[in-house]
Every structure is written in C-alpha cells, then in structure tokens.
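Scrolling down, you'll hit the structures one after another.
Heads up, the next two complexes both have chain A, just with different partners, chain B and then chain C.
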Partner chain A sequence: MTTTDEPSAPGQAGAAGGSGRLGPPPWLALVFLLPALLFLGAYIIYPIVFSVYRSLWDAPGLEFVGLDNYVRMFTRPDTFIALRNNVIWLIVAPALVTVAGLIFAVLTERIRWATAFKIVIFMPMAISFLASGVIFRLVYEQDPESGLANAVITTVHDTFSPSAAYPDARPRPDGPVEPAGDVYVLESWAQPGRSVLVPLVGVSAEEVPAEAEPAAEAETRPGAITGTVWVDFTRGGGGEEGAIDPSESGLPAMEVQAWMDGELYATAMTGPDGTFALTGLEDGDYTVQLAAENFTEPYNGLNWLGPTLITPSIIAAYLWVWAGFAMVLIAAGLAAIPRDALEAARVDGATEWQVFRRVTVPLLSPVLMVVFVTLMIYVLKIFDLVFVIAPGSVRADANVLALEMWQVSFGVNDQGLGSALAVFLLVLVVPAMIFQIRRFRREES
Partner chain B sequence: MTTQAQAGPAESPDLALGAPRRSVAARIVARLGSGAAQVLLIVIGLFWLVPTLGLLVASLRSPQDNSASGWWTVLTEPSQITLENYAGLLDNGDFVASFTNTVLITVPATVIIVVVAALAAYAFAWLEFPGRDWLFLGVVGLLVVPLQVALVPISSLYGGTPLYGTIPAVVLFHVGFGLPFAIFLLRNFFAAIPRDLLEAARMDGGKEFTIFRRVILPLGGPAIASLGIFQFLWVWNDLLVALVFAGESSQPMTVALQSEMRQFGANIDVIAAGAFLSMVVPLIVFFAFQRYFVQGVMAGAVK
Partner chain C sequence: MPEHQWRGRGALAVAAAGALVAASACSPGSTPGAGSGELAGVELLVAAKWTGVEQDNFTEVLAAFEEETGATVNYESTGEDTGAYLGPKIEAEEPPDVAILPQPGLVAEYAEQEALVPLSGEAAGALEENYTDYWRELGSVDGEAYGVLLKAAHKSIVWYRPDSFEEAGVSAPETWDDLTGETATTLSDAGITPFSMCGASGWTLTDWFENVYLSQHGPEAYDQLVAREIPWDDDTVVETLETLGEVWGEEDWLAGGTDGAVQTDFPTCVTEVYGQENAAMVYEADFVAASAQEAGATVGEDAQAFPFPAVGEDPPVVVGGDIAVAMTEKEGVQQLMAYLASPEAQTTWAGLGGYLSANSEVQPDAYPDEFTQTLAQTILEAGDNVRYDLSDQVPSQFGATEGKGMWAVLQDYLRDPSDPEAAAADLEEAAASAE
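Right after this comes the complex of A and B.
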C-alpha cells in the first residue's frame, strides 16, 4: 500500500531512522497521539479487560462464579440456538457473497454499462441495515397480495399448476353429496347412460368464475356418466334444493372422477354450464367423486419469516447488502491481473472456463481471501438485519450471538453472561486479527 | 472450429493485430455469450433495484392500500400515490426530533474521528518515537475488535455519570470504535507522501503543527474525504450503539423506526416513509461522493 522507503517493520525503526536528524523530539509525537490513545484506551482496551473480568461474575455482579457463565453459554437453549445459527451464517454467508461478487465482477468485465450495474449493486452498502431490513420485511410479507417474494412464487406456481378454484365449496348437509376425506362423493351409484346432479353450496358470487354460465342439465349419453356441478343456491331466496333453477350458475373447470372398487376409471372437467361427461365406461356401478384439487386452499407461497426459513431469508438479505462490496474488491483484483497471462492461456487453446478456473481464480486468490475473511468478521457480528427482519415471534429461531449478547445484557440484565458472550465473540475474531497483522506486515516489508 | 482454416487468410491484417485470430463460430459464440451475460446482469440488477423501489412505492401509498394490495398495483392504479405518509411524518414531533438527533450525533462523531485520527496518523507516519511500529501494529490488531465487547463496560462506566442516554455518550463511543480504522487508513495514505516534501518543509524550519496543517492535510485530502464519508455513513446508519447508549430524547432515526417495527403492518406508513427518509441522506452522499466512499469501504476490508 505504501510506496515510500520509510521503515515500518518492527525492529527496523531505530536502525534505519537516520534521516531523523531534523526530526522533532519524541515527546512531540505523544502530543499528536494523546487524544487517540485516550479514546482507544477508554473505549477499547479498558472494555476488553473489564469484559473478561465481568464475565467471571454473576448476573448482578455480586458473586464470583468462575467460568460458570461460559458453561451456561453452551448449555442454555436460547444461547445454543444463537451459537448454532452463527455457525450456519459463517458457513453459508461469506462463501455465498464471495462467489456472487466473483460472478458479478467477471460478468461485468466486458460489459459497456458495467459502471451503472456496479452502482446498483453497491448501493445497499450506503444505506442502513435498518432500511435494508424494512425493505426485506416488505419483500417477505406472507400474503401474496402484499409480499413481493410470495407474489412472484405464487404466480409462477399457479402458471404451472393452477390452484383450486373453489376452496370454500361444500355440499348441503342433507343433500345427495357427502364429504369423504378431502373429496366429495355422490351418495348413490351412477351408471353409464345416466345423468346425475351434483349440487354444491358455499361458493360466493365472487368465487364463481367469469366464464360460468347458468347451469344446465346434462344430456344422457351411452357409455358415459353425464351430469352437472352447480351452485345450488338462488340469491334472494326461492329455488328448489337439489334441482337446477334458472338463476343458478354452473361451476366450470371442476375435476370430476368415476371410481369403481378403488380404481379410477374416468376423469372429466366441467364446462361453463357445469356439465361434464365421464366417457368410455363399461356398465357397472360407479362412484362419482369431485377431486380434492378443486377444494384445497390456494397456494400461498413460502413462509419466509417463519421459524424454518427465517435464517436463509435473512442471509439472502445479507447477500443483497454485501454483494457489492465483494464485487468491487474482486473487480479491482481482476483489473490488476496481467492481460498477458490470460492471453497466453487462450493462445495455448484453453477454453474460457479453463482460463477462469486455472489462471484467473489462482491469481485472484489473495483478493478472494481478503474478501472472505472480512465477510467472516462482519458475519460474526451480524446484529441489525436479524433484529429488524425477524418478527418478534421467530426472533428466538433467528437468534445470533451478537443479538443474544444484547438481549441478555440489556433485556434481562444478565451482564455476566453478556460479557462472556462478548469475550467469546472477541476470541472468535482473534484469528482474523492475526491474519490482518500478518498481511499488514507483509505489505509493509 | 472447422471454419478456422478458411477464416484465417480472409481476415484483414489489422484485425489480426490486436487479438489472436478467432473463427467466425468462436466470435458468434462470444457474441451470444456476451448477450446472455447482459440479460443475466439485467435480471440481477432488477433483483437489486426492485426491493428498494418497493419500499419507495409503499411509502407513497396509504396504510389501507398497503394492507389491501401489493405496491406493484400502482402500475395499474397510479392514483394510489399520495404524499400523506410523508406529511404525517413531518408533523410527527418525535420523528423530526430523531432526525435532528441523527444529524447531531453523526456530524460531531465524523469531525472528531477525522481530527483525532489525522493527528495520530501523522505521528505514526512521520514522527520518530520509541515503540512506534509496535504501537501501530496494536492499532491494526484493534481493527477487528467487535464493539459488543464494549457495550457492557461502557454502559457501567457511563452508569454513574449524567452522560448516560445523551448524545455525547453515543458520539464518544463512535469515536472510540471508529479510530483504529481511521488511523489505519490515514497513516497508510500519509506514509505514501513523498519524503522530500516533508524534509524540505522541516529544512525550512517549519514547526510540526504547521507542516501537518500546510503539507499533510492538503495532500491527504482524498484519504480524509474517503474516511469522512465512510464514517459519516457508518454513524448515520448505526442502530446498535444508539440502542444501548441513547435515551428517549436523544434517540436517532434508526432507533425511533426500530421501535415502530413491533407492529409492522399497523405502522407501515411511518416505517416505510421513515425508512426511505433515513436513506435519502446516505444515498445523496453515496451518489455525490461515490468514488471516495468506495475507496473508504475497500480500505475497510478486514476491519
């Protein structure tokens, strides 16, 4: 990073500092350093010492308990979930973000509007986790009518498997149709060449599709059971139960099946006037059944903010925030790769994938490492996103160490356990601290 | 690949100069590949833009509309757009106060960090004193210390003083935890200033403070800008520190909005409009000083 010949590696300073003849006296340095040292001492060094000390005392800080708080940390169920989630975060998030950043950086390399793309991806880095959290709470709303994620998913889902049209339809309690598990069956047998009536109620006017026509009686046909499925309800009263009245509507697109001895013989869909024809049947007594698919609840998408998906959902939001960071650092690394190396490999007949895999990635590995380690440090301390996105009811399922530390220390006022958690977090970043110091000394020498 | 032989001699010599010769098929593949990459990037870009757009549109719809239908319905019914949420927010004394608090926390914290760090960075880069390099390595080590470590100790330290729950309490904490990175960034930049410039200034009998002010600060402008912008956004966006150390009357926007989150659906008007307002300043800073901000963030790698 530095380009001067200024000596910096420890141990060299005294020997190489020959040019200090004009330099100011050492005490002057203290004047320059004093404010910074006071802040660092009071806000970082002292707290580290105090936290270690405090973690050995009980909740109110009255009794010395040794390592009890550390034992509780691994045995207390709440804290254990936080620990487990942090492990999931550490395994998934840094790798995911680094890979995304690598892909984005490579893809944008030869695109003319790369700058615009990079600005869009980097933008979330400038806003608060709170704002990002609010943004994703909106995306993850359960109701497909208001949550974008479920709106997209249900649209895709319904395109490939249209959802049930009549979730509320049901037979009259004393009518000819009765429920059997998820399906509705006609009480009496039906034979080919006969026509049956399948009256249903409970379908509101809005639920009747626009293409529906007034119900009609089906004509009989040899070798087929025909019939009508309709709303047996005349608005404003009147009408005869179990019979088709003029103002009653057919139920289109209803799946009707003919069964005998537990085997399915024919399937048909009702038309706009509610009529159907189960064809190709030999003589016999069949059960006419309305399939379960007609009545199941409509598909409502995934429960993003539920206990199972909450951590993956928040990790996705984290990716949204941090991908720009990884992309920009990796793109800078890519730009520094000598073109000759890539061209040489291409001339030798390597495919683009081979060039990427064998030349680009190895040359990038120091940058990828820095990105990865940086992300690990931030992931370890993840707090805001979890706090904001997880609704109160699933916060325990989404818990992470930093959040647990805050809750324990300031929610239930157990500052002993809180300090132990803080010390644990500090211990976890020590490897990163060493990595950082080593990298710095290497760059300086 | 079979077209390679014919394509070779037919190509004009100047085309062959730059890149190695590529067959027509290879070029078509490359063109298609780039086309696919562009489509992919557009889709990815939408994934990044649309959620933010969703927040903006939601903030411009009434709570009733927001609970009844998705924000994307404005595409078909643009009449839903209203500024009522924002008007309500500006009439809300608590929210306006929290906005003021955010400014009152962020500006001093940024200024103090920059000044204190610049002084220290100068000493680390250009003054000789025993143990300098070890001390600086210590600062590098402090870069990664999680601020969680200081929450309990500092709150018990503040506990006995009137400082607890005030704006200075929050500001000072931010300064303490912002310093390692600030010193690190500025020291590396200052150390890269040509030695001759300093030697000449010293030769002319300049006092160290004069050299610091007249030589180092002007030359260090870009680094100071990066640091200032980075710290400004960092403090502006903070939730945790303010959650612990700010009181009812000193809470910034993030804390005020967070407390509304308990009833997300019912408070959507305040939350959406407030969250978007809290983003406006960072977004302006980001677009205006993009280069400096990106540099600051990159220097912050492995913090």
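Right after this comes the complex of A and C.
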C-alpha cells in the first residue's frame, strides 16, 4: 500500500547516512514479515492455541474442566481402537508405499514406455480421495456381481472348482433325510429291489434346471435301489410333505451313492424327473446318500469390508492412490544419482541385484527418507478413505484418530473431547515434523 | 430466469435489512402475516437429511410457500448425520434458518446451547391448533415449544413382496411365532430368502429392537428403558435380544448371508427385495415406499406391508419422525414454520406420497392410497400405546451415532448373535458412558 517508495529509500539512507550499519534497519524486516506472520498467526498459530484452550473446557464450552477431557480420552476404549489402527497404518502404509514407489521407479528406468507407465501409476493422485474411496467401496462389495475384487477372486476360484448346481438344497428338519457333514443321508436303510423317496427343499424356481420334469415315482428293479430326488415343495402352498405331488419337480443331475460299511458300492445320476437307479447291488442294508458335490456353497470371495480385513483393504486403496507420488519423487532422485558409481560397480563384476542393493539404495536413501517421513505425516491424519470405504457396521473397527476426532467433535457434539483428540494427534505428528525440519536444515547448510 | 436472478440479488439487501430489524426489535408476534409477495426478496435456507425422492417432494412443498409469499427458500441436504452437519454451523454461528432434526434428543441438546429460536406468533398458534399434546411435548424443552413434528414415520410395519408369498403359499403373519415358525420357514423351504437386512445402517437394527421390546415388555418398561430406570443389561433386554436372534441368527434367512446383512445399507436392502428380488421381506418404516417405487415396484400392489407381528400380547406401534426447528430470527422464518405446521402444507405433501403426518387436521383422504390412509389412522388412533422411537430419545452418542453405542453393539450382535448377555452388557456399558 505505502510501499511504493519505501524499498529504495532505506537502502539509500543506509549507504548515504553512514550510520556504520549495512543493509536495511531491523524494523523494516518486521514490516516485510508482517503479512506472512499475520497469515501464519491466523491460520496456524491461532487454531492450535484455540484447540488447546478449547480442550480444557466441557462439551458445550461453558465450564472449565482442566485436564478432564484428556483423562476421558485415555480411558475410552474407542480412543485405543483408533490409536491401534493408526499404529497399524503407520507401520504398514508408509513402508509399503515407499517400497512400491521404489520398485516402480527403478523398473520404469529400464522400459521403453516409461513415461506412459508413470502417467498411469500417477493418475490416481489426480482423483480426490473421496472419489477414490467411493471407487474402492464398490471394488470391495461382497457380491461378486458388483464387487470387482470378489469378481476376480471368484472367477479364478470357480475355474478350478466349479460351484454346484444346488447350493441351497437341503432336507426338511424332521423329514426322512438327515444332513451328515457335507452330505445328506437317507435315515433308514435301503435294500435292492426297493424304491426310496429323497425329498429336498430350499430350491427356488430359478434354480431348478430347465430340463427338469415333474417328479415321478421310481419303479422297483431287482438288484437295484431305485428312488426319486425331488423338490418337496408345491409352489403356491398345499402339497403333502414327504409325498410326490403333481406339480413338484424332479432334481436332475444329482449324484446319488450307495454305501455299506464305509465302502462305496454304486453311484448314479438322477434323470430329468429326479429318478435314479443304483444298480449291480447284492442283497444287504445300504445307506443312500447325496454327494457333497451337489451342494457345495458357491465361493463368495473374501469379506473385504468385514471387521478383520477392513484396515488392510483401506491400506491397499491408499497404496493405489499414493504409489505414484512416491514413484515420481524417487524417480527424480534416481535421475540425480551419479552414473559412474553404478558403472564402476558393474565393471567390478557386481550383479544387478548387488548394484541395486549396495549402490542405488544407499545413494537414494535421502530421497527415500523424505518420502517415508512425508507419508508418515500423511498417514497419521488419514481420514477420508476410512470415512468413505468403511460401512457403518465396521466403522468402529476401522476407526482412526482423525475420524474419531471429527466424530466426537461434530457427531456427538463434544468439542472439548474433540479438541483434546486434535491436540493428541498434533503431538503425535510433531516428532516426524521435527525430523523433517532438521533434515531440511542440514541439507541447506 | 435472468429476471429471477436480479430479484434474488435485491433480496439479499432486503434480507440483511430484515435481519437487522428482527434482531433489534425481536418482539415475538410482531412478524407480519403471510400474504402474497409479503416476503418478496427474502431468502431462507432449510436443511434436512432428505435426498432423492424425499427431497424432491419436500422442495415441492416449499415451492408452494415461495409462491404464496414471494420468498426464496433454498434446500440443503445435511447427509445422513444431521448432528455432524449442524454442529460446526452452530459453532460458527451460521446455522440454516430452519433445520429438520431427526431426533427429539437434538432439540433438547440445541435448546440447551441456545441455538434454537422458540416458536412464536402464528407458528406457535399453528402448533397449538394442529397438534395433540403428545406431539407438542416431543418438540418442547422446559415448557417452551421449539419443534414441529413435520414428518412422522410409522416404524411398525414389515414390507414384503406378495408374489413371493404367493409362490410359497404363505400369508402375512400376525404373531412373531407365525413369522419365524411359519412364514420364514416356508419361504426358505420354497428356496426364497425370507429377509433382507439393512445392517450397515445401524438405525434399522435399533428399530427392530424397539418393536420387539415394546411388544414383548409393554410401553411402561419401554419408557423406563429410555429413562435408564431399567438398565440395559436387564433380563428383559436379554430376552428381546434372544428373540431377535431367532431371525438374525439364521444365516440362510438373510439375503447375502450374515456378511451381506451387515454390509447392506438402507435403502440398498429395499432394492434387494423389490429390485433384484433376492429376498421376500424387509423390515423398515413406511418411508420404504419411496425406495420401493424407485426400485420399480408399485406400492399397494407388488410392494405391500403387514403390521409388525405381536411378540407379546399386543403388536407394537413405534413412531419416528423429523422435527422442524427455527434456528435464526430472520424475517420469514416464523412464517415458514407456521406454513410447515399447517394442514395445507402437509396435505400437499401427503398427496405426493412417502409421507405421513401427525397433524390432527390432515384428513385421511389426503393420502394417495388406502395403505397410507390406514397407517395415518393407526398413528392418530393408537393413542396411549404409541411410543416414539427409543434410539432417538436417548443421548445421540448412544442411540444415533455411526460406529458407536446401540448401532455398533446391534451390528456386532447381528454379525454373531450367539451371546445375548454379552451384547446386553455392551449396551449397558455404552449407555453408561454416554450419560
């Protein structure tokens, strides 16, 4: 505002006045610093001081409570769950991201389409964390129809062990068929020349294959156990339990076995009307059983959003977002490494691994350290990904300090305790910041 | 459109002047009556949690007020957690002019913080005229009326898909034993998953609990539990949890199994029933209608509901609702409150569907279908046995916070309902720490 003539004036005054002092007077320095100081004061110092002050007052801010909020903070189990998760984050995430960044950086040095590759890896940084969170919330959905992660896993799994035709079929609790482990067993013995009924329920109309026909009673045959496996449920109600009613459908392609004394004697598949014939049997008492393969539950993938996997799942999303950032910084550091050191090592007969391990990494360590510590600071205040990805039912399990602070301050409306949590978070970040500042100082000198 | 914008700009100056006058003169009852163009240029902000269809319907109701008075009323969605939205705004002394609070607990909380403006003039009159004592009490703190129960929710109905019931040959159950022993079992035998759960939205689980508890142990015990005269680890609570376990513990009965039940939020669980047709029943309040319609079902035809079955002697009637409060003394705020409390506004809203009124002056024939008419009638008639949603009456830290208190404990219990005693003990611990 009034600085139009000031910058030149003091310089001249100093030189001409011969006051024995070179350079502008100290008060001018203060004038120049003032905007920055005001800015820092309003946006950083004041909020910190106010948070500390606020943390000494009760929830509505009406009564002074001293250190009460801090006592409460450290006696609530919620704080410890959040703290535990922050510790997991702190141990796993920065190391993981730095290593991933290092690998990408070193590998992209050698490939032809390095820039394209780097852009792809860096791309997630261009998306807001909230949007990344929404993307990963969908990726981790339980239902393979909508969740990408489980779609991949189940596809791979089903390629090796296809799921069964009737995963939901089961006997009625008080019917003639009993579950025994994975298989269903007919309660009473069966003898060749007799016909048996194997009623099942729990098969929906869509699950019954198109080729199925109305169930029919099997004809008896000498030397064979015959029978029917069918859906013992009349759609629309009515129907007699345990008897074949006209509209009830047979269950085709069901594997039926005859066992005696722990030995398998015969196997048969049911036809379209659900009938089967276990042939070639000598007289005796056989156990008729439905093989486990008929009922194998479809593999549903992992429970990414469940209480156990939630934190690793979110860390994986974090890796996706931040790997590019680490890669770019490390790649810049890599470009600055003196090539002759690497060449010298190679000439001396070092293998590529040894070059990487003994030369590249030590020379890169200052950069790696910067990336690592920066990530540590970011990880301590992680909020958005946890907030978006964790469903309400696992929020408590995935909780972190920053989220807890927000929730206590504005969800429960206890800004006293919230401020105490904020101060605690600040204290946790301070060591990393001091370390960072020291490093910058050392580099400058 | 440009013309409208110009008017809007002039409005700001008028609104500012109006606010000054209101602040300095601040005498209740002195606000001029609403008339055509009376509030031209005044701009008001209303915040509520409604989104989607519910938001559209509400803005349509507000549009009538705009037309009548010339004021501009803007709507802002607070998201699921109204407390988290309003907290910082109150702290910054920049609250919306009118907020719709999902819990009476918040009315008391904010009144204590002196963040609310009591109803005065015609707004107070409208409340007096149109509401019964029970509902007025709900929005009052220390005898001072702050809130209007704007939108009631009937929380004692179970929604089902009639074609699935027909396929299984079952009918709507009247008692809990019929529900578990007959309806759900038969559906399951037919290969139809009986229930879709909305476990990721914790409040739906508290609603299950409330209905079973109210029916099992009666309204008096219910009130005592609210007041913590009965502790949460009491035998009655354990018994209710055991009863809930009869459904929650049957993994085969829940769409997507236990994992699916815990991860599905509201209204996805409604889509599971009426969109994907993965399940036959979903328990939640009347406002499911809006989501069911969105999923392509016609309410009353392929989306029907039966009263929550009686667990004890009588079937429960639990009601929830959103309460409108005034948060500033700006010109037009009290008129808007009066309008919201009026039968005209609520009749308009009723006609749009997905809405129930607790206003005694709203006629049953205002509702578009017979089903909603019956619901409205039950709320008005159930009399002394109606109870307001329990989780919304207890401190919000215990009853209405994501990942905490009742929500978290019941979600854990849904995940593993093997130990009702431990769950009850957790509830007691959470309730005690929220005091």
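The rule is simple: the second predicted complex is superposed on the first by the 292 of 445 C-alpha atoms of A that agree within 3 Å, B and C clash if a C-alpha of one lies under 4 Å from a C-alpha of the other, contacts with A are read in each partner's own complex, and residues count from 1 in each chain.
One rule holds in what follows: a residue touches a chain if its C-beta (ideal position, glycine included) is under 8 Å from a C-beta of that chain, and two chains touch if they have at least 3 such contacts.
Only a predicted model underlies this, so the values are computations on that prediction, with no experimental measurement involved.
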Under the stated touch criterion, which partner chain does A:G306 make contact with: chain B (first), chain C (second), both, or neither? second
Is A:F410 touching anything from chain B or chain C once the two structures are fitted on A? First, second, both or neither. both
Which partner chains sit in contact with A:G238 here, chain B, chain C, both or neither? Use first/second/both/neither. second
Examine A:V201 and indicate which partner it touches, taking first as chain B and second as chain C; both and neither are also allowed. second
So, A:L33: does it touch chain B (first), chain C (second), both, or neither? first
Tell me the contact category for A:R172 with respect to chain B and chain C: first, second, both or neither. second
Per the contact definition in the header, classify A:I315: touching chain B only (first), chain C only (second), both, or neither. neither
Look at A:L380 in the shared chain and tell me whether it touches chain B only, chain C only, both, or neither; answer first, second, both or neither. first
Touch check for A:L96: first (chain B), second (chain C), both, or neither? neither
In the superposition, chain B vs chain C on chain A residues touched: B
Using the superposition on chain A as set up above, list the residues of chain A that contact both chain B and chain C. 391-392, 406, 409-410, 415
Touching residues of chain B toward chain A in the complex: what are they? 20, 33-34, 37-38, 40-41, 44-45, 47-52, 54-55, 58, 66-72, 116-117, 119-120, 122-125, 127-130, 132-134, 136-137, 139-157, 172-173, 175-177, 179-180, 183, 188, 191-195, 199, 202-203, 208, 212, 233, 236-240, 243-244, 254, 257-258, 261-262, 264, 271-272, 275-276, 278-279, 282-283, 285-287, 290, 293-294, 297-298, 300-303
In the complex, go through chain C and note every residue touching chain A. 81, 83-85, 87-88, 91, 109, 112-113, 166-170, 186, 188-192, 199-202, 252, 256-257, 259-260, 262-263, 265, 396-397, 401-404, 407-408, 411, 414-415, 433
Once bound in the complex, which stretches of chain A touch chain C? 60, 76, 78, 141-143, 168, 172, 201-205, 207, 231, 233-238, 300, 303, 305-307, 391-396, 399, 406-407, 409-415
Considering only the defined contacts, which chain A positions touch chain B in the complex? 1-6, 8-14, 17, 19-20, 22-24, 26, 28-30, 32-33, 35-37, 39-40, 42-44, 46-48, 50-51, 54, 104, 107-108, 110-111, 117, 119-131, 134-139, 145-148, 151, 320, 323, 325, 328-329, 332, 343, 346-347, 352, 370-371, 373-374, 377-378, 380-381, 383-384, 387-388, 391-392, 402, 405-406, 409-410, 415, 418-419, 421-423, 425-426, 429, 432-433, 435-437, 439-441
